[in-house]
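Pasting a structure here, questions to come.
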């Protein structure tokens, strides 16, 4: 089948890393990414199905892996070569029904009984058995050599990974269900607060805003957004105040009535936001966030960071609670993040966030676009594989 | 529609009718807004004066402050001057002029010309012009006879310019005061201008003779009360009096009356009877 | 003897007009038929200022000579106007220094031990040590600073006392030190008719509570204009408060007036009438324009703010406040008055780099509005120069730049309040209290050098009359986004601005240009 594969190679990794994030080099012949004919993945067991992706999104974690920005920590949890793509809406080969894939490869998917305590509690993203079972190592479909991924003609998925897409929801909206589920999970992880700040208004930032607004609305929801299109969407999805990154500290100071110490580049607030959702994963934003979240407040990192350098002194002195929010699972009330996401999706008009669609053959342009989505007024860039189906 | 220098020049040329007689509709200018006549040289004409203002305020004075953080004592003697004065100072380094100009009030500084040795500074024309522009110097001949030397200086004084001179004639090697040349006494007796003695200390650490780069070091400028030549006093006698005054300043310590009530402090800080009324 | 204020009608031969443009200048050709208002030439300064001061103190109006009021063992407080006057700042020696030195000399002779000298800065920022030294001079500074020479702190809960409430219900407070003194000597410098009189004590040593009754939109809309006290509701309120203060504390007012010699000799051409310009002046203007067009803003700002004006003292009067102020106003009016026949459709003005609230600092967009639509618009007597429903065209670069030390509340005012609305009444209703009571602004006002949290509101209210009077405001040369945030239209050149204005005032509008600084007072008949 035609697919984009990611191969493991130290020299190629070195070249891409040296290019420091340049898209053209990270997708060139010298990179880890190959477009070509690869064997289709085999069904690991009777409960597995073949899925043909219709649309597969390009996520920040994918671009981080491609440009060498992702932390090497994740290398231990990945098997190579893999086909990337974990934000998938496709059709079941057997009956043509539309499904969305929940990528986490937990104990149930791996055919392991009894499940580990994390999977038992309903958190497949935290599974401790990702090295065992019917599959090779991998946290998710799209980072595992056995399953294939969204950026290929065919992938295999366990029954429990499949969620039916209701008819009124278009493919363009459904491709955002997986990130929305992550953001729903993040929103429910944070305590409700008076003033909540969401830093970053890319896909994760905007969907976090939407989730917070509907599931745990605070008195005041502030969003730090860099680009005009992002600001528009943030306001549409429920933000009260949208500010730019340079004026974030000053505006938060005003809204929370805090005091500000320090100069232009290095200020801290005495007081500040109650809960901050950090959705960019960059060192700059993280360091800023620990300075404007009030002492005793809660900082949730939703966006995938690399090996960022963060000053821990503010975290210590301000007694901040820092939580990671990765993937999804069983939320309070017994419902899964994916189900909540599917429920919220129709009213959010997610199609507006689905940016240009590219064919697999145009992967170099697609990834370049995804790397520059902000200034190009796009949010989610995706591959369109519908033409590959005959 | 962006303005270029040429379009600005064109606008001015046509706007003010260069080459044409003044239109009737322009009422003649009143003497109302005073425009003091300047004299002797391009460096004291208008556009240069504004440029000097910018250069001094924007560059030279802040730089002087940065390098030396000068302390000024006796600044009340150079404020509110009613007639042009001669400032006679010791000379240790090239930084002296900058420090002295720093110590003056803006109004006094605007009206001050500095005597710079013609044979040293004005040998190279560009250096002389740069100095005239930035510091308002004029060439002062060290080698000519008294008449030539003093003519331009007295002209400037009579036109209303304060004159800053270094009567030692050259920079002191060891920091000690060298004997004053008689020119300053001559000038004072001829023009009846008051002489204000000034002593600059600390400049030998900033830029001693032989060193090209100024190094930061604190400096103090002490200004003394003005001296007037007596009716029958000869120029040489007056010169030695001026020299004594400058020498006295070098050792003078300002009494800091920190005791007593504010009234004692107030009276201690009073300027002595001003002779210039 | 200088010429009086003049109205010049532009004809084919009239040279271009100099417009101030922030830290720079522009030369504009006004359309034929426009009028240019020129202030009078500087009045002759007094020959011997110290003598005049001594005479005024010895022969005050409606009061006893100062010497007789001073006796050993008394509590004496001297209050003086802060550095929002005069503009540009005065070259040394400042007239307030000369007056205060005489007063303190008398106090020393009388043996008065308990003296405090307070800068009556009201809700303006605290002055730095250098700035205080510049006003009072070295002698006073070294003798009294810092225990007995300091800035008034309007937010000190123990340092301000309530003096009473006027008949109209205006609460009046005063600095505790002043209220408890046996004698307060107020040293004033009246630059424009708005200053001085009862306003000195009532606002200078007041607090937010005492200033709020008249610094509000309603009062300012009723002040037409506040540059002409008889027609000003602001001054009526201040007078009521002032009389209450006079009943509580013995005050000896010393008021001074200066001529309008606003620029140092090097920059004289900025003041000269264009028809008087010599070739030297033209060259100076050309050079200045080329340099200021190309220099970075910070450098230009430093150069401009270092200019000191060689003002000459034109009058000093002492004694009872009403009698003194009448005399002072006459002197000020004589220096500023221009007789104008009839209103115009369009008024144009070039805004300089300096207003009362940004000495040694940045003229941020809010202050641009305060200067142009506040102060310059209101320099009239009778009727505004521009007709109701007319257009104001101002020239200023209007950059988005704020001084975070001096104007922290201005930044938030621009970002938060103006983003919501530019209507002064709505602004007052929704936001004023929050800014006035914000503890952070209060801390910065009391400990740093920041204007009070509520100050940007006053800057905006100052323009309330203009905003309700004119139909349109156009800013030439300003940053588009900033101008739009302020609620105005942006144009790149004066010609374009006039064309935009045609929409409002029609094809052949009458235009008047205010050639200021130096400041002028237009008496519109």
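Some points to look at:
A, B and C label the chains in the order they appear, each numbered from 1.
Just so it is clear, a contact is a pair of C-beta atoms (placed from the backbone, for glycine too) under 8 Å apart; a residue touches a chain by one contact, two chains touch by 3 or more.
Just so it is clear, the model here is predicted, and its values are computed rather than measured.
Under the contact definition, chain A and chain C share no contacting chain.
Ranked by C-beta contact pairs, the top interface belongs to chains B-C. Between chain A and chain C, the centres computed from C-alpha atoms are 57 Å apart.
A separation of 35 Å divides the Cα centre of chain B from that of chain C. Once the centre of each chain is set as its mean CA position, chain A and chain B turn out to be 72 Å apart. Against chain C, in their complex, chain B makes its touches with residues 1, 3, 5, 8-9, 11-12, 15-17, 23, 25-27, 29-30, 32-33, 35-36, 45-47, 49-54, 57-58, 75-76, 79-80, 105-107, 110, 261-263, 265-267, 269-271. Within the complex formed with chain B, the residues of chain C that make contact are 1-3, 11, 13-16, 26-27, 29, 41-42, 91-93, 104-105, 108, 111, 113, 115, 138-139, 142-144, 148, 261, 264-268, 271-273, 275-278, 280-291, 293, 299, 302-303, 306, 308, 310, 492-493.
Chain A contributes residues 247, 250-251, 253-254, 257-260, 264 to its touches with chain C in the complex.
Across the complex, chain C meets chain A through its residues 404, 411-412, 415-416, 438-440, 443.
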